[in-house]
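Once you scroll down, you'll see the structures, which are given as structure tokens.
Shared chain: chain A. Partners: chain B in the first complex, chain C in the second.
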Partner chain A sequence: MDIERAGGRGANQLRPIDCFRDVLSRAHGSASCSQGETRVLAAVFGPKAGTKKNENPEKACIEVIWKPKTGQIGKTEKELEMILKRTLQNICLLSVHPNTTTSIIVQVVHDDGSLLPCAIHATCAALVDAGIPLKSLAVSLCCCLTESGQILLDPSKLEEQKMKAFVCLVFPSSVNSVLPEESTPATTKSTEQEIITSLTHGVMTVDDYFHCVEQGRAAVAPLSNILKKKMRSQSAGKSSKAA
Partner chain B sequence: MEQRLANSWRMTVNEKNFIQTALLSDLRTDGRGPFDYRNLTIQFGSEDGSSEVQLGQTRIMGFVTSQLVQPYRDRPNEGTLAIFTEFSPMADPSFEVGRPGESAVELGRIVDRGLRESRAIDTESLCVVAGKWVWSIRIDLHILDNGGNLVDAANIAALAALLTFRRPECTLGGEDGQEVIIHPPEVREPLALIVHHLPIAVTFAFIGNESRVIIDPSHFEEAVMGGKLTATLNTNGDICAIQKAGGEGVMQSVVMQCLRIASVKAADVTGKIKKAVESYKTIRDLKNIKRHPDSVDINNISKDMEKSKLELEKTIDSQTNDMEIESHSSKKDESSWRHSKHKAVIGRPSSWDPYTKVADADELKATLASRAVATPDLKTDVMSHEKQELNVLVDTLRDADPSPLLLVAAEAREEKNKAKTLLDAVKPKHKRKKKNLSNSNGS
Partner chain C sequence: MELKPSMPSSSLIDQQVFPGDVVLDLSKITSQTIKLGGGLRQDGDVISVMKAGVLKFSKPNKYWVETSHKRYVPSAGDNVLGIVVDARSDNFFVDIKGPTLAFLPVLAFEGGTRRNIPKFEMGTLLYVRVVKADTGMNPELSCMDASGKAAEYGPLKDGFMFETSTGLSRTLLSSPTCPVLETLGKKIAFEIAVGLNGRVWVNSSTPSIVVLVSNTIIQTASMSPTQQKIRVESLLQKMQ
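For the complex of A and B:
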């Protein structure tokens, strides 16, 4: 009944996550995130003066550029850019720097499944590195559904291609989720019930979808703890990158 | 218009004067001498043909991919080579997405000329069916961080990626013998490209009124320089390309001096590239064996030895004498390891090792933190440790399963102990070819 995964991973087991901040010298903020073999590099420039056309000048504008490993930029890249942009618009405090543009450039180094979650973690770390004001961090997870209805977390590329369906979910991860048990359960529940982004591929039943969401939500707290620890563990002192 | 000006970075007059005055006393702002290169590190990704080069603050990634295409009409039996440079906006706020600017085009042309016109890559070996199918090699260079001197770093990234790239093996088959069958890497070991020599680009900048020459300019120095000269040469003493597109005029004697310095630096850089590629190859050979996670029992050992022998043959075809011997021992180590169920910590930090128990997340995190900056030196230490165990374990293997393949491998090991001559290299190759034929006929 249980599907065997490569490397003996359990159904609920994630690949090792690693996150490095401040990897580039010219960018205002940069981060590199790896989940298993998937590696993504993100850089942030901003806030820069002016917004694009047709954007609201009373808020900050977020611009995402997605760079694939090889090949021309096509529709998939444009779609991912749009998804990332809307996700980040939810996380960032847009009213702090009105009439500015923050550019985020995502470079895929290697894609071995769970590409969008890895990109979101890298982008969040890069935004933290650049000092862009954020409402909360985002934590993201990919779940795939096997033929037998079993849910596997964090699929690799081969698994994604073989499975019936997979869904990518993004949840907010606020301060409350990091504090230990002193925080009231009521506040943690209210923030964790939000789903910022949900992207599905393939066909799944409604019940299966909600099971995936439950699994994802259960993983938010430990995942966000890991990411915050990684981000905090880097050196605190950093010279200004304005030049 | 004002927005673009507001967002661009410009050098102040103070900084410019400082750099020029310091150069009069042969001092550079980062403490280097005028003819010193910055620190060069070459790393490789998890796939074949992906490299990441760091030259000081400059970071460039190179990816090589291949595809079967129709050849050009006027060259029906040669493969094609194409270089795509991406000046990513992540490298420099002035780089814009979309059409490449003139410096991007120039960089692409310099790297292209160094590789194509000097015939560094053998394109005739890329032909599969003359006039119909050839391999097209595509090199993507992504500029991640512009710390100055992008040309040199991009060249090194392209060379490193090409040296570690493996294209799938393909044979002619089908009903009429004209169909090309591409074998996936699990079935047949992919082949390396034939690289005749390594053209290394060395960039000189001319700064100030007296045209002081410096090598490997940082991006501050590039903003101040009056002219630039890039010389691409190889260790055989050939000049593959010289690019001096305008800028300040320099005396002939200065150009000759630059070329002399460039040949010294090219030898240096070639040595570094070769060393990085060799250490990557040993790590990769070890990882290749781990790709077949069959159960460890006696019946399978002969199968694994067959597979490793096929891999050995391919590596011998593409490598030099010394590397041959190293890969022998590394492969035998790995298979003998599995026989004795050693748990080893090899492979890159984020790769899953199917032979260790499933570790819980905390343990993995701890090991990740300690291995976060894994250097090739660590890997070579592990390798030498394995070699010590080799002698003991090969004997046990020989007793367990005296297949002819094992004996061939053992013979090769004994030959290693004698003085190495060309004959030694040639003999095992022929033996192995005969055995391979007999095996393929049998299978």
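For the complex of A and C:
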């Protein structure tokens, strides 16, 4: 029994994604990402000299500040900051600029479900805009499980509240490679199977969880292409500046 | 996700690349030494991209990613504009918009001895050369060229400094002379110093000329060469 979604969206259909780079003039890198009505603004400052007290000085340090749309900063914001920091530590190359700090500020403009994926896309685009060395880009997806066991991708806020459980997954984005297909089947498979972050909320069976992960993985390639296309059209404008 | 079918590495050259993209397979290239510029790194047996930009190749063996950012990655041999933030007994600490502060040795001036150490206040703008820039170390600067002469390096007095992206600095320094500077130079007399770290200093006899030159450079940053010429000429006409 299929649930009807607002706007006639299919179970596997994502809301339209839009991404703008270099939106703030003072930040070293900035991006604004929107998925449907959810909108997040990210700004990157750095790398700046010096690390915080308890951080390893042989690596770059990443500091995330999460600013909610309304209300005081509390435990949920701290948790989101920690999640973002751990995710970004996996995609950033921390040994290129040792003993430096990169500050990332995330401002929620509107939350209509799928907030963490939107924030990750915005932060990734802002890091690319600032020129921080990255291992790869990250794509992120929210899957939710209905009472009847159906899996819906990219839920809106109302849908999220009615769901039994939801999973937020972050994968490394698909890459453009000059390697021929046959040469490294083993390594390709292993990078494809990487999950950077997985966050669950609610109760679900193990089978449902793996089902969600599969659905998420299937969406990595199209999501990567959309995000790269958005970022490419921005930089085409920029490269004519330098030309 | 399936990889694209086998393509020669030249297909990614002059193309927009993103972090994680693999641009070279080292197992195919056995004897050559490959020089990697900014934005590329060696990841085991492949060369992959660290920063988003356009992949460039110059014969015989140099690869780099052309990027334009608001921050600067110090590299030896560059001429940059730095601002003094502190002075110690043997070094000046200079901010060059990089990940760390740079050191300018107190004796790195033509005819510099312990007796005639220049006194730079905090906030002095200097045109300097990057001597050494290794990862993890603070870059070292010098106010002399490679042969020990002063050659235009040193403090920049008067004038106006503004910040731009590194891409625009490279355009302004390109040869043949970039259209904006050429067209401006035909009608106006002004002095300009461009640092590869995205700082530009302009000086002239009157403040209105300084304002005109700096605004023109900033406004025409994202235009094509012909558009730049047209824009500059119309601005000059308005002034006269």
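Everything that follows uses one rule, which is that the second predicted complex is superposed on the first by the 220 of 243 C-alpha atoms of A that agree within 3 Å, B and C clash if a C-alpha of one lies under 4 Å from a C-alpha of the other, contacts with A are read in each partner's own complex, and residues count from 1 in each chain.
We adopt the following convention: a contact is a pair of C-beta atoms (placed from the backbone, for glycine too) under 8 Å apart; a residue touches a chain by one contact, two chains touch by 3 or more.
It should be emphasised that the depicted structure is a prediction, and the values quoted were computed from it without experimental measurement.
S.K.: Would you sort A:14 into first (chain B), second (chain C), both or neither based on which partner it touches?
M.R.: After superposing on A, A:14 lies in contact with chain B but is clear of chain C.
S.K.: So, A:174: does it touch chain B (first), chain C (second), both, or neither?
M.R.: second
S.K.: Between chain B (first) and chain C (second), which does A:62 come into contact with in this model arrangement: first, second, both, or neither?
M.R.: Neither chain B nor chain C is touched by A:62.
S.K.: Of the two partner chains, chain B (first) and chain C (second), which one does A:49 touch, if any: first, second, both, or neither?
M.R.: In the superposition, A:49 contacts both chain B and chain C.
S.K.: According to the stated criteria, A:134 is in contact with first (chain B), second (chain C), both, or neither; which is it?
M.R.: The answer is second: A:134 touches chain C but not chain B.
S.K.: Quick one: classify A:40 as touching chain B (first), chain C (second), both or neither.
M.R.: neither
S.K.: Where on chain A do chain B and chain C both make contact?
M.R.: Common interface on chain A, chain B vs chain C: 48-49, 243.
S.K.: Residues of chain B touching chain A in their complex?
M.R.: Contacts found on chain B: 2-3, 6-7, 9, 45-47, 50, 57, 59, 61, 63, 65, 86, 88-93, 97, 138, 140, 142, 144-147, 219, 349-354, 358, 361, 364-365, 368-369, 372.
S.K.: Report the residues of chain C in contact with chain A in the complex, numbered from low to high.
M.R.: 1-9, 11-12, 16-25, 27, 39, 41, 46, 48, 50-54, 66-71, 73, 99-101, 135-136, 165, 167-168, 170-171, 221-224
S.K.: Provide the residue numbers of chain A that touch chain C in the complex, in ascending order.
M.R.: Against chain C, chain A makes touches at 28-29, 46-49, 93, 96-100, 128-137, 172-183, 188, 192, 220-221, 228, 231-232, 235-243.
S.K.: Per the contact definition, I'd like the list of chain A residues that touch chain B in the complex.
M.R.: Per the touch definition, chain A meets chain B at residues 6-10, 13-16, 18, 20, 24-27, 30, 34-37, 39, 41, 43, 45, 48-50, 65, 67, 69-71, 103, 105, 107, 109-110, 112, 222, 226, 233, 243.
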